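In what follows, structures are represented as structure tokens.
Consider the two complexes below, in which chain A is the common component and chain B and chain C are the respective partners.
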Partner chain A sequence: MAAADVTAGATREATTTPQATRSAVIVGGNRIPFARTGGAYVKSSNQDMLTAALEGLVARFGLQDERIGEVAAGAVLKHSRDFNLTREAVLGSALSPETPAYDLQQACATGLETVIGLSNKIKLGQIDSAIAGGVDSASDAPIAVSEGLREILLDLNRAKTPVQKLKIIGRIRPKDLAPDAPNTGEPRTGLSMGEHQALTTAQWKIAREAQDELAFNSHRNLAAAYERGFFDDLITPYRGLSRDSNLRADTTLEKLATLKPVFGKNLGSEATMTAGNSTPLTDGASTVLLATEEWADSHGLPKLATVLDGEAAAVDFVHGKDGLLMAPVFAVPRLLARHGLTFEDIDFFEIHEAFAGTVLSTLAAWEDEEFGRTRLGLDGALGKVDRAKLNVNGSSLAAGHPFAATGGRIVASLAKMLHEKGAVDGRPARGLISVCAAGGQGVVAILEAA
Partner chain B sequence: MTDKYTQLVSQGLGKDVAKKLGLPQPVVLRRHQPGAPLVIGPVLVSGDSAGADDIATTLLGWGLDVRRNALPKEKLGAILLVLDAVQHPEDLAKPVLTAGASLRDLASNARVVTISRTAHSATSPASAAARQGIDGLLRSLAKELRAGATANGILLDDDLATTSPSALGALRFFLSGRSAYVDGQFLTVSSASGTLPTDSEKPLAGKVAVVTGAARGIGAAIARTLRRDGATVVAVDIPAAGDHLAAVANEVRGTALQLDISRDDAGHRIIEHAVQRHGRIDIVVHNAGITRDRLLANMDEGRWQSVIAVNIAAQLRINEALLASEHFKNSPRIVSVASTSGIAGNRGQTNYGASKGGVIGMVKSTAPLLAPFGGTINAVAPGFIETEMTARMPFAIREAARRLNSLKQGGQPQDVAEAIAFLASDAAGGISGGVLRVCGQQLVGA
Partner chain C sequence: MTDPQPVILGELPSLSKLYVNAAATAARRRVLGASTGKTRLPAVSHEVRNIRAEVENLTAYQHLVGETASDILPAGFVHALAFPVSMSVMNRDDFPLPLLGMIHLKNRVEQRVPIQFTESLDIRSWAANLAGHRAGTQLDIVAEVRSTSSGDLLWRGVSTYLAKGVFLPGIDKAGNPNGASMAGDFSPPDPTALWQLGLETGRSYATVSGDFNPIHLSVLSAKALGLRGSIAHGMYLASRALADVGAVKSESFAWDVAFEAPVFLPARVALDIATVQGNSGTWERSTYVAWNPRTGRRHFVGSVSHLP
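Take a look at the complex of A and B:
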């Protein structure tokens, strides 16, 4: 154990003075293909999938027996037994068992938040390496007993005599036996995420055709990326799947136009959101390897991009002031302003496609003069996103969206795109990530080519 | 591991019954385990040349129990027939018959190894006859041996001592459990290049080895064996095999590279990965291969082209990149997996046979290109190997293929891997351009 004790020593951290100039680089990533719920991963737990994604990352970068500074990941739909999900996945992997880990949960922003949080620790000098990640299974979702049954069962546990127990059991009514499955409904409004977005989509007058076109581009771009081998070093197959099962490489605008609306059917205006321009429930996991430049160099590993900064925002959707998924609209201008940047300085826009309507409403808000003045406190509109720079290798509409796994998918792909792009006009290529989340939240980040 | 029939007849009642009925009696072969002795039992060195004396002295230096004359009733671990100085077929009688008298005393899994000279470098017809005669002698003798014993030969070019590095390297390989499924074969030593390892348990220490097709079967066994011998392994396979590949890479503490080797830039990607991650690239094992069997009369272009593309065209292109790379100049090693189908042919495998025959041609022609900087290239041709692929063969065909060799059993993926690990080692520096069959001396075909 002598060797292990040496690696467990604090010499490395102790000799590194925390300084602002340390940057957090993205070495690379690994995810398993995303599968539509009830599909290839129907028998896989969150821990299975996160471990698989981690094992692929370890294999890709030769991290066997490596003591990573810290691993952070999370799941949105989580069993109570998975209280130490990430640590358990680490223990099930080839990483050193002396690698610490913690779980994090911020709805759909979980994955991106793990990247930002761990990057900050790296920048602060607390750790030299980290793995960020996320996983979700809507197939293997936890099912709780009804609130009534739960109370009865807890009382039963406290009962002492058989008579007391029988009395308590006698309280059970058939309605108590109905299981309580998780849903995407907002606790404070009772509306599903889709119905919330339908309100926003209607408010910003986003046309059905525009939503279908965004969905079509997502599938086309993702399929093209697979064809040219873009994902060869980003994905490791799992359970017989080597591509995202939601991807429809052969879909057409005509096919998308035939789908019936599923959200916003009672709003009075025309319903525009279909199963084609909304993201389906998906299972999957992703991981991202982060490090200092020195750590990457000393391990002979690539440096794809740096994590420049991140920003979170939240909106008051409960009282209808803003749409549920519109928080990134506010986070992005704040983040850009902090770095003196405009949309002109961004080469890739990665806006998570919860729904095509979410992306288009976000873009519309940023292009709106009055919204810019009154809500963002700017002189006018924030700006127009060049569509040629938007989700160029596809996004969630095609790949699917296993909630906590989406951040890692986007970060690893964008880091590779930035590395391939290199420099633009003498500055490092730059990418903006925007992820909306339940509870009216949003997390955004900027990456730069390393 | 060993097939059920072999387990059944190698001991107890099964052994007695098989013997009485005259059934094939394969034994569980002695395979190399870390720390295992080179050979179990005394070694008889037959032959009276100076080269024989040198060998005997060397073996003593290895701590082996060496006999220049057999003792009555003593079980022998190996017999070395040193025939490097024979000038005429008549010279063979004494050493060969001396060895023959001791054959009944061979222990299970014993070894017979001949050391002689290549016929092509002979100076007279009589000398050539003697040298070529040893070829027929060895192959016949191998078919006479029983109980897992094998007979193989080392051929030396004229000016090479019997103790030149690769002669000794080949001798150690043949004596050891690493050559368990190699039988009736020759290794040709054509130069004095090569060095014996300082640690015989880690002959590949410090080397970086790339193995294609490493996700499963023989490729995975190669990755494990190279790792066991001390190499750092880059495991390569197609992206669709990535999950199995990751498992192998993690098991051998190496890195996984998901790559279609038939891509134009595959060679470049392999070199870049090995050098960036591990600082160097010393060994490339071309193992990836596919079969698309059809009788030629029914062969379509897709089946033909895909086999040629993966099994030989990709290797040629990757080798070009390796030969052009400044990183592949320090006594590098290339080992290609050929097949007995490429030598003896196989019905339904014209495409596969063409590709694997192609590998043998490529190896021969590439050897001189690597020689200036101490590099070597060789092919290993497996016969019937117990893999997922052969497990899917129909029972009767599988059983026939499995038994029709001198060892009466199929080989294990590890057996192929051992031959590759030896050819990839520094000790094999004097061996290049050849093919080593790992087939248990397959009876049908070449």
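Take a look at the complex of A and C:
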């Protein structure tokens, strides 16, 4: 009995010994400007764009021949030939060919998840440096053959004799030749992402005017950031573009108000979502350089911010319990609680603008007393986000949203903003990132000025 | 009717032959006069023994209706497996109603025990409950699926069909409207799913289910039977709804559907699936309703419920 107690005590002591955890710092980032689909990058592949973004990062931070601990990136729309997309991009870059790499995919949260996963490896002491990233091309999207033709071709591959092969070829019918292009429909519901958001937008009673205003601010803020040179050390021009081609610096609320609704027209409620307050299909790539403080110091590189922590959540959207894009609503309070923080402790809110309605529904849920009590398990509403701190340098509505590239865009920009801000009331400036994703998922993270 | 006498069939009847035979019978009756002269259901049941699912067909069925290709037979697949036996009952010379043109009003399946695809099954089917309907005469086709080895009842299905415009002497034109009468005051909720059904939907389901009823195959074959176009199989729609309800359901469940406006192909079908939880928070029932998102007309309603 006594011996057992001693053993248990010893075990408890061992597990509570504080580990010397290291910080994961963001050194900087690089992306190529985002281009509307069918535009400047129409023939560029995911590998082309990811390599271009990576090469810009290598050039900016002098990483030629450097063996980086690990590179992780991914794409949402992915060709089967791109099974090793990130490693191939590394091999095509000036990084040491001895740099390992892996692909990751978590829909639109891919980019942010690569940052969180790699910073965890750095904090654990497994690696000292890392590059996170993401890329997507809606222009150079994979097109699959029809299921019928695919089955015939696979059978053909297995056939042994010419007679068998001829018989199989004879099964091909004209309808089998129609290609199967990717779409943004949720596999389990058949509703497009826009239609799903239209349901949520209506459920939270988000007005058309509020959505247009958010879109307008996104364009205005992004244009202003370009004007003051904010992106000069975050972007490398590519294929003749030096700015995101979706940016409309001259747009007005009046112009946005003239656009016709495109989503939610058949849902019964009033349709409020237009091409102006929804993100367009976009091509682009982004990268972020992560490291330990020692690695950054020894390479004479800046330390913009640290990756404090991240959290993922998912919602049961299939039968409508929650909206498809509402998972961050649940991830943020869990992450804040883990660090004893409230919205008052956050200086920048980066909420990915999949649709203006997504951002506004998210804010509405956090401001709702009933929702806070019944769904978030709080005493009341989570809190109100100060709009002056929201997406202050623009976000996806203006920049565009090449799915997996959005996380890297936000992390690099926020790290720079936090570095510029420095300290607030004697504590490091803090920023919160929230990214929603297909499949009812969401990934959020907190960064702090380094 | 109590315990109909079993007729053991040597093998699963061929559905295509049954349809050809039914068409020939229909033509013969048209020439010789409308009535079969029968006003009672055959007092026999048909049975086949030692039937096993064919795995390639099972996989194709599962993929088509949106089920994961698991080793358990979907409840709708068992319906398709039993359907030729039921058809052979309706194809008997002493069956009182014309097989072709019968309308599937509603369907209830009790999946008592999950069925592994390797299991040998005995399938028995008979007709019951001949009754008047305001638009004709209705009846139930009952099918039971038992384990060949243990004899345990695994699955039981009751399909209610209407022979429209057929009134048999001695059977009241009862006002029992049976399910499909509430469609008038339906206002569509927000959908949880949207199905895009192409023209090929009927042929695809015919391929995996064996149900080559011409009203599902093409515009031409459907027009030949007096419809303005081909319509989706009711059991295809109900099977997709069952697949959409998904893994939340219990191992033993009852699956009900009542069919209303037919789905003319191609079509967009909107769906709302809701979950009803018991007091302890466990799954009790999922309900579904499907409608035409353009007109708001209801196509079918149903539920999947826990079977104690």
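List of remarks:
The rule we apply is simple: the second predicted complex is superposed on the first by the 429 of 450 C-alpha atoms of A that agree within 3 Å, B and C clash if a C-alpha of one lies under 4 Å from a C-alpha of the other, contacts with A are read in each partner's own complex, and residues count from 1 in each chain.
In this text, a contact is a pair of C-beta atoms (placed from the backbone, for glycine too) under 8 Å apart; a residue touches a chain by one contact, two chains touch by 3 or more.
Note that this is a predicted model, so its numbers are computed, not measured.
With both complexes brought onto chain A, simultaneous placement of chain B and chain C is permitted, the two fitting side by side without a clash. In the superposed model, A:N266 lies in contact with chain C only, and not with chain B. When the shared chain is aligned, no partner comes close enough to touch A:I410: not chain B, not chain C.
Applying the stated contact rule after C-alpha superposition, one finds that A:E195 touches chain C and leaves chain B untouched.
Contacts of A:L256 after superposition on the shared chain: neither chain B nor chain C is touched. In the superposition on chain A, contact is made by A:K175 with chain C only, not with chain B.
More chain A residues lie in contact with B than with the other chain of the pair chain B and chain C. By the touch criterion defined above, A:G320 reaches chain C but does not reach chain B. Closest CA pair between chain B and chain C after superposition: 45 Å apart.
In the superposition on chain A, no residue of chain A contacts both chain B and chain C.
In the complex of the two chains, the chain B residues touching chain A come out as 235, 239-243, 245-247, 249-250, 253-256, 258-260, 263, 276-279.
Against chain A, the residues of chain C that register as touching in their complex are 188, 190-196, 200, 244, 246, 270, 272-275, 286, 293-294.
Of all residues in chain A, those touching chain B in their complex are 52, 55-56, 58-62, 64-65, 94, 229, 231-233, 235-239, 242, 300-302. Within the complex, the chain A residues that touch chain C are 175, 188-191, 195, 199, 202-203, 266-269, 318-321.
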